[in-house]
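The structure appears right after this line, and notes come after that.
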Amino acid sequence: MAKRRHLKHRSVFYRRFTSAAAAPGTLVAQPEAEPTRVKLISFDADAFEEVEVRPGDLSPIINRPKDRVLWIDVQGLRDHGMIQQIGDALDLHHLLLADAVNVGQRPKVEDYGRVLFIIVRHAQRDAERGFAWEQMAIAIGDGFVATFQETAGDCLDPLRERLRQGKQSLRTHGAGFLGCMIVDGVIDGYFPALEGVGEELEQLEGQIINAPSRDSLHQIYRLKREMMSMRRSTWPLRDALSHLLRDGHPLLEEQVRPYLRDAADHVIQIVDIIETYRELGASFIDVYLSSLSNRTNQVMRLLTVMSSIFIPLTFLAGVYGMNFDRSQPHNMPELGWAFGYRAFWVVSLAMAGGMMVVFWKLGWLGGIGKDDRET
Amino acid sequence: MAKRRHLKHRSVFYRRFTSAAAAPGTLVAQPEAEPTRVKLISFDADAFEEVEVRPGDLSPIINRPKDRVLWIDVQGLRDHGMIQQIGDALDLHHLLLADAVNVGQRPKVEDYGRVLFIIVRHAQRDAERGFAWEQMAIAIGDGFVATFQETAGDCLDPLRERLRQGKQSLRTHGAGFLGCMIVDGVIDGYFPALEGVGEELEQLEGQIINAPSRDSLHQIYRLKREMMSMRRSTWPLRDALSHLLRDGHPLLEEQVRPYLRDAADHVIQIVDIIETYRELGASFIDVYLSSLSNRTNQVMRLLTVMSSIFIPLTFLAGVYGMNFDRSQPHNMPELGWAFGYRAFWVVSLAMAGGMMVVFWKLGWLGGIGKDDRET
Amino acid sequence: MAKRRHLKHRSVFYRRFTSAAAAPGTLVAQPEAEPTRVKLISFDADAFEEVEVRPGDLSPIINRPKDRVLWIDVQGLRDHGMIQQIGDALDLHHLLLADAVNVGQRPKVEDYGRVLFIIVRHAQRDAERGFAWEQMAIAIGDGFVATFQETAGDCLDPLRERLRQGKQSLRTHGAGFLGCMIVDGVIDGYFPALEGVGEELEQLEGQIINAPSRDSLHQIYRLKREMMSMRRSTWPLRDALSHLLRDGHPLLEEQVRPYLRDAADHVIQIVDIIETYRELGASFIDVYLSSLSNRTNQVMRLLTVMSSIFIPLTFLAGVYGMNFDRSQPHNMPELGWAFGYRAFWVVSLAMAGGMMVVFWKLGWLGGIGKDDRET
Amino acid sequence: MAKRRHLKHRSVFYRRFTSAAAAPGTLVAQPEAEPTRVKLISFDADAFEEVEVRPGDLSPIINRPKDRVLWIDVQGLRDHGMIQQIGDALDLHHLLLADAVNVGQRPKVEDYGRVLFIIVRHAQRDAERGFAWEQMAIAIGDGFVATFQETAGDCLDPLRERLRQGKQSLRTHGAGFLGCMIVDGVIDGYFPALEGVGEELEQLEGQIINAPSRDSLHQIYRLKREMMSMRRSTWPLRDALSHLLRDGHPLLEEQVRPYLRDAADHVIQIVDIIETYRELGASFIDVYLSSLSNRTNQVMRLLTVMSSIFIPLTFLAGVYGMNFDRSQPHNMPELGWAFGYRAFWVVSLAMAGGMMVVFWKLGWLGGIGKDDRET
Amino acid sequence: MAKRRHLKHRSVFYRRFTSAAAAPGTLVAQPEAEPTRVKLISFDADAFEEVEVRPGDLSPIINRPKDRVLWIDVQGLRDHGMIQQIGDALDLHHLLLADAVNVGQRPKVEDYGRVLFIIVRHAQRDAERGFAWEQMAIAIGDGFVATFQETAGDCLDPLRERLRQGKQSLRTHGAGFLGCMIVDGVIDGYFPALEGVGEELEQLEGQIINAPSRDSLHQIYRLKREMMSMRRSTWPLRDALSHLLRDGHPLLEEQVRPYLRDAADHVIQIVDIIETYRELGASFIDVYLSSLSNRTNQVMRLLTVMSSIFIPLTFLAGVYGMNFDRSQPHNMPELGWAFGYRAFWVVSLAMAGGMMVVFWKLGWLGGIGKDDRET
């Protein structure tokens, strides 16, 4: 599996703001972006060559052999001048270049005539900080594929390795096939992230059913936010890929179709899982809220049981603590009875016992505290 | 009815994770899969033959008679080499084979030109553990149908029996018709599962209306999860079958169409039932939550009734328990009255009685405990 | 209006289960079904003839005059043999016959080439038991219409009467028009049922706004279930009829179109009403739950008012009931005051009065019990 | 603005019930309907003529000049005979006539070949009784427009006036344009109604945020019902008009298109506003319910504060009211202390003060009653 | 960035009401509108000219050079006469003019044959008052673009500046391109507004999770209303632009397409963000309500703990405060015990301690006040 890269953890809240005054297609300078490195891979069925472009020398791109497939892999988006030169060498539309460089675009597929442009997002997740996203822009042209990534990374290393070894007649197809493999490689990176979310959800499920706490709610909310972020990255891709699949494109030969369909199928599967998780999250909130109601109900019951038993008894004790003048024959004769005190206790215990029987019949005595343990 | 098989009870949480580094179309080794057995059935209107393929000897498949329909029934997916050989013999696309072997795919219909590929899920349910799913991949080609199941099973035994007996001119149609019958056989297995869910829901309904308990909520949640899982297995199939029905396919002759429509109709019916059940589940939660509110209300009422009656009386008793110096004429003359004590009781009972009347008019005295029995 | 028939009150829970082993198109024996009676009506613009078919003698069907419209009205579905013979005589597809006989199908429109097949559900409702549904299958062919009903009934009697009288040039159109009139007749039966639901909802509305009780909730739930059942019977019909309207069918001549559109329009209207009722039901639950919250709030207020007033007073009375040794000059000098007891009452009443003023300002004194009457 | 008419305030609950036995296209006698008056307006670019049709004499309709546009304005639907005659004179389909006369139809657009049939609803609203609806049926034919209204009214008077004055080259277009203007006139009547709802909602908003009461909830519910009723009248119209706009109709010339689009645009705007209002209503319920929760919480806090402070003190006072035999040296020596009583008060006030500090730190002392004023 | 303009803060409640009697296409007089100023910009690849039109002298518009692009920028909509003249000079449909002048239209794209008409809304937001909207109507014709704004503003100043400098070969394209740039400029103004909302939401999130208060709810509601308003301005634009993109228009040449797609893409992105924010708002309410429930639960617990501990003790103290005649040997012998008082305290403390242990085991003692601080 690919090594972890340090992707930025973008907020679900919109932040980035390209000046409204900027013309469309402007490459906005981003000094905090990673420095740009450009790797070239060119291959055909028999040959495979890998070089790194030196800044300023784009001859390997300009003089590319027409019978090979060239993969221009741009990592780090700081050097706009160089990217512009690559764009010019490949005759890429300046709006395309702007989208590739101004990260934060929606996943999409755009047809620029001789070039097919695809934006996907590479996902990474760790349990503490949630999802991190990185934009990957893919321009597929006649005989070349150019990819633009935010960071120097290796999520495509396995693909590069397969190319190098010439596995699966990977090198016998054209640029369309390569582009399709790149998209597939990025999409496959979603599954481990989803698996992580699934594990947390499963753990949360047990917690909410057995011992819901205030933290559970915050965790539901956190996972819900992650699902929203994930959804925003996958729904548009799903639509874009199925349109591409339906309408086709000259750069995608007929043999590439099943592979594209396979990638699109994975995205649909991911979207399905996300929707299931969202629905589970909503169920969790229902269960949590009714647990809370249940608890309050049980607290109230305990209070009511205690009060109903002791308040009448306290009144009775209060009665026999009154100071009516016992020299008057009608005043509090009970106090003078030989067994008055014992009678008081008998009456008190009978009243309490009667109450207990009533509450026991109502089922209020059991259950308190049973599933009411705060964790 | 078919004997029960031991299907895996898959979680709604996504678990399976094929390494992101794997190329599309890779057959991932799954040592825990069942061993592979391959049965062949070949028939035409007059003949019917059943053999089992020995490992390594695929001649019955390669030299299949062109005028018969051949059903290659692969049960257990452990032996990838053999499955690959069968795929080669039938000229199946390696992506198709990968989907057939890497279980956990979405139900779908894919057109591979000369081969129509259908993935459905076979359902089984028991009351304790909920649904179990098994993937069934069906490749329909010219003169053959290949099915790939996870476990050696017999959900298709009735179909096999009907073939053997040549009922319903089943053997006079081609491979498309056979494929259609297989899909129909799998779908029909959903109905008993749904019936089981329906029975539990009906029982739960009575319970929630008459005596809702904490367990009811957990049971609602459990059934909701089952419905989510069922839905994920049937919605995609519904869409896939209606697309197939609308667009047609050369392998499905015109006479097969009504049978396919019949199968699609069953799926729509199943989806309808699932949606109804989901909606019922949501209603149950509403009823449950308002029962809970009702109960808390009744508990509070009892507390309020008890407190409102006895707290003023306790105060009154407290007053006549005070020790003001009765040698002062204005201090507590009531204590010296001949009928002071009796007057106290009269006042107390009057106050309590007045309160009771008020509460009775408010309707608070009835109803407590009536439907408040915890079960 | 048509006489009431005894339709089965089917549960929303799925129950019926045709053995998974049965082949599609099998007529499953149903001994509890009603005995089969077959009536024939044949007519053209000038003639009208009504006969009943004797079991075994299908010659009136087989030798039907080609220039008349024949209506084969099958009531009661027990005699599968006879139904099969009718199917053969009319050359009906065996899947069509199976759907007609195996009741519980979704409403649908299916095109069997030379025969147009429509399934609708006949509705009846009584206030105690809710909806009852009966399947009506309609096969429209060239020169004939065959209808299959579960019970001997008369929901189509008015239509029969109009045919007999030759009203509205009903007899000058072909079989398509007759089929369309039958569908329309069944759909029109929904309106009185909806009217009944509407009346109950209106009554429930008043109850929930003025004096919500636990029964209200159960009634909302019951009506919600009825709406779910109604919806399941009408939504599919709506879709099926609008498809039929859009695509047309050779058996439905151009003059029939407005009548079909009229029927489809009625279904849309019914679906609209159902959706409105569903939404009303959801609003009722909101109103009910907030009434409940309001009540609990008022119960709590009463408790708080009573406790806040009397608990401090009880403490005060307790203080002057203490037995500190009054021979010590600092101990409880108040007890020896001439007006100590009166001062106690003044202070007590002032405290209680002050509390009352506070609660009155908070608005807590009014309103208790106002709309809190349990009914 | 048009004078108010007395429209019927129809319930959202379905009531009207045309006998199920009636054939489609039957004009059901409605004795409570208004008496029928028929006005004729005929015009071309130069001429304008207005007459009222005498019952029985339909010659102005039958002998209508072919080069003028004739507007037959039928007000009041009691005289079915006359309406039938008009229908015959204009060659209107009897289903069309039935829909025009049997009020309560959904808004719709139907194409009867040579006649385009539109049903819209005229809206009027007053604050006490909510919406009132009146059906307006519009049949647009070659050279004529026939309108059928329930009541003699003047919502179209402004249009009539503009026709009379020949403004906006209104008279130079054909019947399609006139029909379009009539639809537009009816739709424009929705805006003042919506404005009224908007004002009530705004007022309600302030009330719910500042001082929610039980009446607020009933008012939300009332407005929600109005929105449901409004929605049922406008959604179908929106769909019908956009279909008409998309598909066109021979009776609507190209120049009429922008006017039809304008009318459709207004309906979309109305639907948008209704949806916004519905969503606002849902938010109101959320705010209301959480206000209620907040209040209950504050009531509980007050109770808890009072009880927590005074219950321990009352216990303490009770202790020193006990009558243990002080002749035993270990029994209640505190009672004999010189400063015992003062010590009691010091301890009591310290306990109460300590509690107050705790509650103050929890923030429970502020806020009670702040926004808890029942209005 | 553009300077702030003073846009009107329109309510979500519908207010504006153009008399129902007005004919479609009427320019309603609006005396409170800003005075009208008209600026002209004409350019081609080489030249750039800017003039201001004097009232009454429209010759620069009428005699516009055919080889240049003319931008007629109308700011302030009070002078209907002049606007009408401009409309006549450019041959604009009077419905188009009416929509441009009667502000408050939905965003839309309308095709008037030789003119393409687009309505968008310019957004501005400040934290106190929320969104302000201004209508911008754009009529794109052959060789000209006319824009109609409510206020003299400068949200298009950056575009004007770019035109002046001839950047990005902006002047080499036609009127379609200019129109597209104007739309894009307006849309880009949404991002800072969204950023502001995002910041408030993020702050609110922290507040709701850590210390929810009554104000939080009002703030959620306020932001929800803003989102509703924003949504009403962007959803229709999204649909309109994607229809335009799909269907194309003769005035939009092929090179303009990517720019239009870019603008449409921005709108989709904005709609996505709004939907995410709406969903977050809904989650906030869930979290808020369950926090409230949690608090009530904690308040109840404290009350129950206090009551359960002290009420039995108070009863016990009351018992030994009774005045039974101790001369009877069975009456209250405990009072005479040497260690009776001490025993009382031992029993009392034991009971209280036992209760504390129970509550501690239930976990009720911790947590109170922990996250229950009202802010």
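To keep things simple, chains are lettered A, B, C, D and E as they appear, and every chain counts its residues starting from 1.
In this section, contacts are C-beta pairs under 8 Å (C-beta built on N, C-alpha and C of every residue); 3 or more make two chains touch, one makes a residue touch a chain.
It should be emphasised that the depicted structure is a prediction, and the values quoted were computed from it without experimental measurement.
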With centres defined as the mean C-alpha position, give me the chain A-chain E separation in Å. 25
For chain B paired with chain D, centre-to-centre distance based on mean C-alpha positions, whole Å: 40
Chain E residues counted as touching two or more neighbouring chains: 289, 293, 296, 300, 303, 307, 311, 314, 318, 321-323, 332
So what shape is it, when you link every pair of chains that touch: line, ring, star, complete or other? ring
What's the ring order, kicking off at chain C and moving to chain D? C, D, E, A, B
Could you list, by residue number, the parts of chain D that touch chain E in their complex? 1-2, 155, 157-159, 162, 167-168, 170, 181, 184-185, 188-189, 191-192, 194-195, 197-199, 201-202, 209, 258-259, 261-263, 265, 268-269, 272-273, 276, 279-280, 283, 286-287, 289-290, 293-294, 296-297, 300-301, 303-304, 307-308, 311-312, 314-315, 318-319, 321-325, 328-332, 358, 361-364, 366-367, 371
Chain C to chain B touching residues, read off their complex: 11-15, 17-25, 93, 95-96, 99, 105-106, 108, 110, 112, 214, 217-218, 221, 224-225, 228, 232, 236, 285, 288-289, 292-293, 295-296, 299-300, 302-303, 306-307, 310-311, 313-314, 317-318, 320-323, 332, 334-342, 344, 368-369, 372-375
